[in-house]
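Two complexes come next, and they have one chain in common, chain A, joined by chain B in the first and chain C in the second.
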Partner chain A sequence: MTLLRAFLIRFVTTIVTLFGVAVIVFVVIRVVPGNPIAMMLPPGATDADIARLEEQYGFDKSIFEQFLIWLGGVMQGNFGTSISLRQPVSDLVLGRLPATLELSIVALFIAVAIGGALALTGTRYRDTKTEGAVDVTAGMALSIPDFLWGLILILLFGVLWPVFHISGRISPSLNIDFSTNFYLFEALVRLRFDVIADLIGHMFMPALALAIPLAAIIAQLLKQSLKETMHLDYVTLARTKGYGENYVITREALPNAVLPTLTLVGVQFTFLIGGTVIIERLFSYEGLGNMAIDAVINRDLPLIQGIVILFALLFTLVNLFVDMLYVILNPRLRHA
Partner chain B sequence: MSGFLSIRNLTVRLKSGVTILRSVSLDVAQGQVHGLVGESGAGKSMIGKAVLGTLPRALQVTGGEIWLDGENLLALPHDTRRKRIGATAALIPQDPLTALNPSKRIGPQITRRLVDILAWTRSDAEARALELLGEVQIPDPARVMRSYPHELSGGMRQRILIASAFAAEPKLIIADEPTTALDVTVQKQILRLIADMQVRHGTSLLFVTHDLGVVSKVCDTLSVLYAGKVVEEARMHRFFMRPIHPYSRALLAATPTYLDPTGSLTPVPESVISAVEEEVRLHDVRFGT
Partner chain C sequence: MRDARGEVRRPIGLRLWLSGGWLTLLVLGALLAPWVAPKDPLMQDLFLGRMPPFWVAGTEPGYWLGTDSLGRDVLSRILYGTRLALIVALVAGTLTCLIGATLGLIAGYYRGWPDRIISRFVDIWMAFPPVLFAILLIAVLGPGLVSIIIAIVVIDWTRFARVVRAEAMSQGAMDYVASAQVAGRTRFGTMLTEILPNVLPTIVALLTLEMGIAVIVEAILSFVNLSISTDSPTWGGMIAEGRTSVHQAWWVLVFPLITLFLTVLSFSQLGEGLKDRFDPVLR
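What follows is the complex of A and B.
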């Protein structure tokens, strides 16, 4: 009963959030200078041509009217037609979404692995030079933004020691006849190891660039939380039972220390998804973010709206997922 | 070496140089209860922590020996020592609210170490846990085994911790102010429970407390600690009849009595404090701290 109520409240707030996002995006991209129609037409088009096209796309109406028309379409699942690509926005956006999702999730896994390992090492060797080294590493990783990490990685693994692909999502020569755009997921299911290797070869650097700052945050926060937990009585008690330091850290302290980190990772993961916009551009990765930049350059209003709404939806879903995970991991909330 | 646990000239210092324990010696005989009393900050708990190897990182043992069951713990390599302690000694902690892992069910918190460290089978360990929970008078032990700590009261949790301490039949149990964090009404039950369990299992018990009343009820012998120094070690009866050290006498005089609840409280006199401080100073001069 309470669960259903919580779910309903969540659903309503999500709708309100998305509506707010839609309004803001809709107004802002129409207020900033730049006319999408003028961008479409060749130089020298007459005012009459522009006016005719504006009417065709509905840009001659007031912003309020345009919004109502757009919203009416959205209600029926129609997000409009891209001006620059002349295809339905929903097809374009959903076609690119899997690429971005796979990139973000791989990045998240890398971040958790690196950050977790650093946090555990720092806790295991706390108050020694090793912990200092962890702090310095995390500090450096955090103070360099993801796109700069992208450039550094391109320099290292694309130029000086070219082991990874520096652009694209998949080699065009590769024969794939997949039914979805979730290439990595489908390749894993179908055990197509050649495809997996190629995808990872393309994805590794952008994912790592996205992951490094998040890994640093996880390392710092989880280590702090672990160190505090290590002083608690149940940890001391576990020691008197004959357990060694490694067991005490991973089995007694970690399950409790991970909770405060989890919330933050959820928030930071949404920043990571935001970071894909620049990183995808940098690595010419065919995802949503790359498409978003093209859409902005071309003043492709329907496409921008579609992408932003989808990002907003993703953020809310990530937060919902984190909240659910928190309840599952924390027994004190499970029966509440 | 005369007791089952025998501490000889144990000195513990902060890494910054401040002395916490000053050549402490005490003995806990086989199957006996030894009380360790002193005011806050006297270093009572630190003795227990030194024995169990759980001293805070800022502290280190700089001298002395800790003999447990005929072996000097401080001479053993770190890992051997930890396992030896896990197999022969156990702790009943002070605060039952923080001594159970909030994310684990009660059952595994009792049984896991029996399986992991002492190589019991799971079913043996579970049977043992059920039996012990019954022994500490927990109603419906099977249900409690499946509960999380936050679902149980403080008194219940302390009973569980007592059961857990006795689970592996340790030869020595260190009880670190086990009743301090509990309601007065529950304190008495828990105290009786610990005393009963100690007698039934024949365990040696080092009972750390600041409450002389508690000591008089459960202990056979006791040590009085002041500023990390044992000022008097005595058998219970003799201590309460004829305390030798002036500080012990003052401490006894300061204990409020049940028979005279309206009588004014007697603090430990200044003169006694300065005398015992002087004694500690002389000790430091003699041993060069």
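What follows is the complex of A and C.
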């Protein structure tokens, strides 16, 4: 019962948060001094033309009325029409979402793999120079943001030793007739290995740049909770039973040490998704973030609005998912 | 835990010295730019475009770190770019700190409705991708130094508010605060004389980290060409140009990148070092 109530409260807060985001974006972008409509028309346009288009996009009404109209449309799944691309915002945004999701999820996998490996190594060789090396590596990785890692990777694997593509999502020469925009997922399902290799070749560097700071956080936190778990009685018991150190760490300590890391990874994953905005720009990766920057430069109000709301929705969904996972994985909460 | 930290403690002195040294160098470079910069950072010379740095054959003397595609001196542009980076770090960092820490202190100590309002705003802010939010604000406010500073303050005040709120909350629950109240101190007075001094070390460490973040945000904004006017030298602008010509002229990307890297690393190391030094549990 209490659990259900907790989730209901979370659901309501999520709605309130999304509403707040919508209001802020709406107000912020409508105090822009320039007229976005005037930018759409050729220089010779008359005032009547401008007025007609303003009416078409609803810019002649007050901010409050515009918000109500927009909100009414959103309720029916209509996010308006992009000014610069002249297509429905929902089509544009949903067309780009798969690229960003795939990038974020691949980055998350890389972060968990690197961070987990570092934490396990640090625990296995605790109080030695190896652990010190893990600490220093994680500390360095954490103090440099993803934007700089991206640039460093471009220099390393794009210029010095050019093994990966430094821009784009997929080679245009590649013949793909996929039915979704989840290229990587669909290529995996269809076993198109040429496409998989090409996608990874494009995705690896941006994903790694996004993953490095998160990997560092996972390494630090997981190592700390692993080391604390290693002192508990049941671990000592497993050891006296004659199990080796590797077995004790991975089978006995790890399942109990993972939980505190999980919550933090959830919050940090939202930061990672936020990081895709500039990383996609840096690698000319055709995702939502790259589109967002273009939308801002073109002052495409409906498109900006749609993208920001979608990001906010993603963030809140990730947090909700992590909370639910935490309850499912934590036996103490399950029986509460 | 104490063992693990004990090992890290030794190099703190060196860390602080190195990062402090680099930042001092930057401040000097920024202040003395008109005298130490070998060339005019805006001077173009298309005959000297994409000259490599001094140790590579075929260079023009005086252009130590090479030139960009328009023949502008890379070293001079980095030096002048330092001015913008440091002003943003100092002003935006301090303002963010003042606003965020004040709100966090009030929320954490007064609790009740001020806390509810402030925390709700923090939640809403956490649902924005920060970089996108910053770019959006610059597009609205128009490019310029003041816009950059406003954008950084608006996107990052929550970083201070969240941490300071939690600290103030745990300090507020302690006995010494209760005894100050019993001794007849007002709530506001207690907040300033009892809570604030105990939260201050955290605030100082966060402020140093924030300066590094401000430098990065400014670099990102000038990377997408939304910082100050386009021909003023900025690290981010140089990086953007270097990114497009990385196969023809790597030095246009590498030198501003190294400068930005060392600066961000120095600020964060300084912050970590100060945090360890001030932490009463570790001391």
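Methods note: the second predicted complex is superposed on the first by the 309 of 336 C-alpha atoms of A that agree within 3 Å, B and C clash if a C-alpha of one lies under 4 Å from a C-alpha of the other, contacts with A are read in each partner's own complex, and residues count from 1 in each chain.
Following the convention adopted for this analysis, contacts are C-beta pairs under 8 Å (C-beta built on N, C-alpha and C of every residue); 3 or more make two chains touch, one makes a residue touch a chain.
All of these numbers come straight from a predicted model, not from anything done at the bench.
Student: When the two structures are laid over each other on chain A, do chain B and chain C clash or fit?
Tutor: fit
Student: Using the superposition on chain A described above, determine whether A:D135 touches chain B (first), chain C (second), both, or neither.
Tutor: Once the two structures are laid over each other on A, A:D135 reaches chain C alone.
Student: Contacts for A:G242 in the overlay, against chain B (first) and chain C (second): which applies, first, second, both or neither?
Tutor: first
Student: Contacts for A:D233 in the overlay, against chain B (first) and chain C (second): which applies, first, second, both or neither?
Tutor: A:D233 sits against chain B, while chain C stays out of touch.
Student: Quick one: classify A:D127 as touching chain B (first), chain C (second), both or neither.
Tutor: both
Student: Quick one: is A:E252 in contact with chain B, with chain C, with both, or with neither? Answer first, second, both or neither.
Tutor: First partner only, chain B.
Student: After the superposition, just quote the angle formed at chain A by chain B and chain C, using C-alpha centres and rounding to the nearest 10°.
Tutor: About 90 degrees, rounded to the nearest 10.
Student: Look at the residues of chain A and decide whether chain B or chain C touches more of them.
Tutor: The partner with more contacted residues on chain A is C.
Student: Let me test your reading of the model: by the given contact rule, A:N330 touches which partner, first (chain B), second (chain C), both or neither?
Tutor: First partner only, chain B.
Student: Answer with first, second, both or neither: which of chain B and chain C does A:T13 touch in the superposed model?
Tutor: Touch status of A:T13: second partner only.
Student: Who does A:Q87 touch here: chain B (first), chain C (second), both, or neither?
Tutor: In the superposition, A:Q87 touches no partner, neither chain B nor chain C.
Student: Quote the smallest CA-to-CA distance from chain B to chain C in the superposed model, rounded to whole Å.
Tutor: Between chain B and chain C, the shortest C-alpha distance works out to 10 Å.
Student: Shared contact residues on chain A for chain B and chain C?
Tutor: 127
Student: Given the complex with chain C, which residues does chain A contribute to the contact?
Tutor: Within the complex, chain A contacts chain C at residues 13, 16-18, 20-21, 24-25, 28-29, 31-33, 127, 131-132, 135, 139-140, 142-145, 147-148, 151-152, 154-155, 158-159, 166, 224, 227-228, 270, 273-278, 281-282, 289, 292-293, 296-297, 299, 304, 307-308, 311-312, 315-316.
Student: State the interface residues of chain B toward chain A in the complex, per the touch definition above.
Tutor: Of all residues in chain B, those touching chain A are 52-54, 57, 79, 82-83, 85-87, 89-91, 93-95, 98-104, 113, 116-117, 148, 150-151, 161.
Student: Where on chain C does chain A make contact in their complex?
Tutor: 1, 3-4, 7-8, 120-121, 123-124, 126-133, 135-137, 139-140, 142, 212-213, 216, 219-220, 223-224, 226, 239, 243, 246-247, 250, 253-254, 257, 260-261, 264-265, 268-269, 272
Student: Inside the complex, what are the residues of chain A that reach chain B?
Tutor: 127, 232-234, 236-244, 247, 252, 255-256, 329-332, 335
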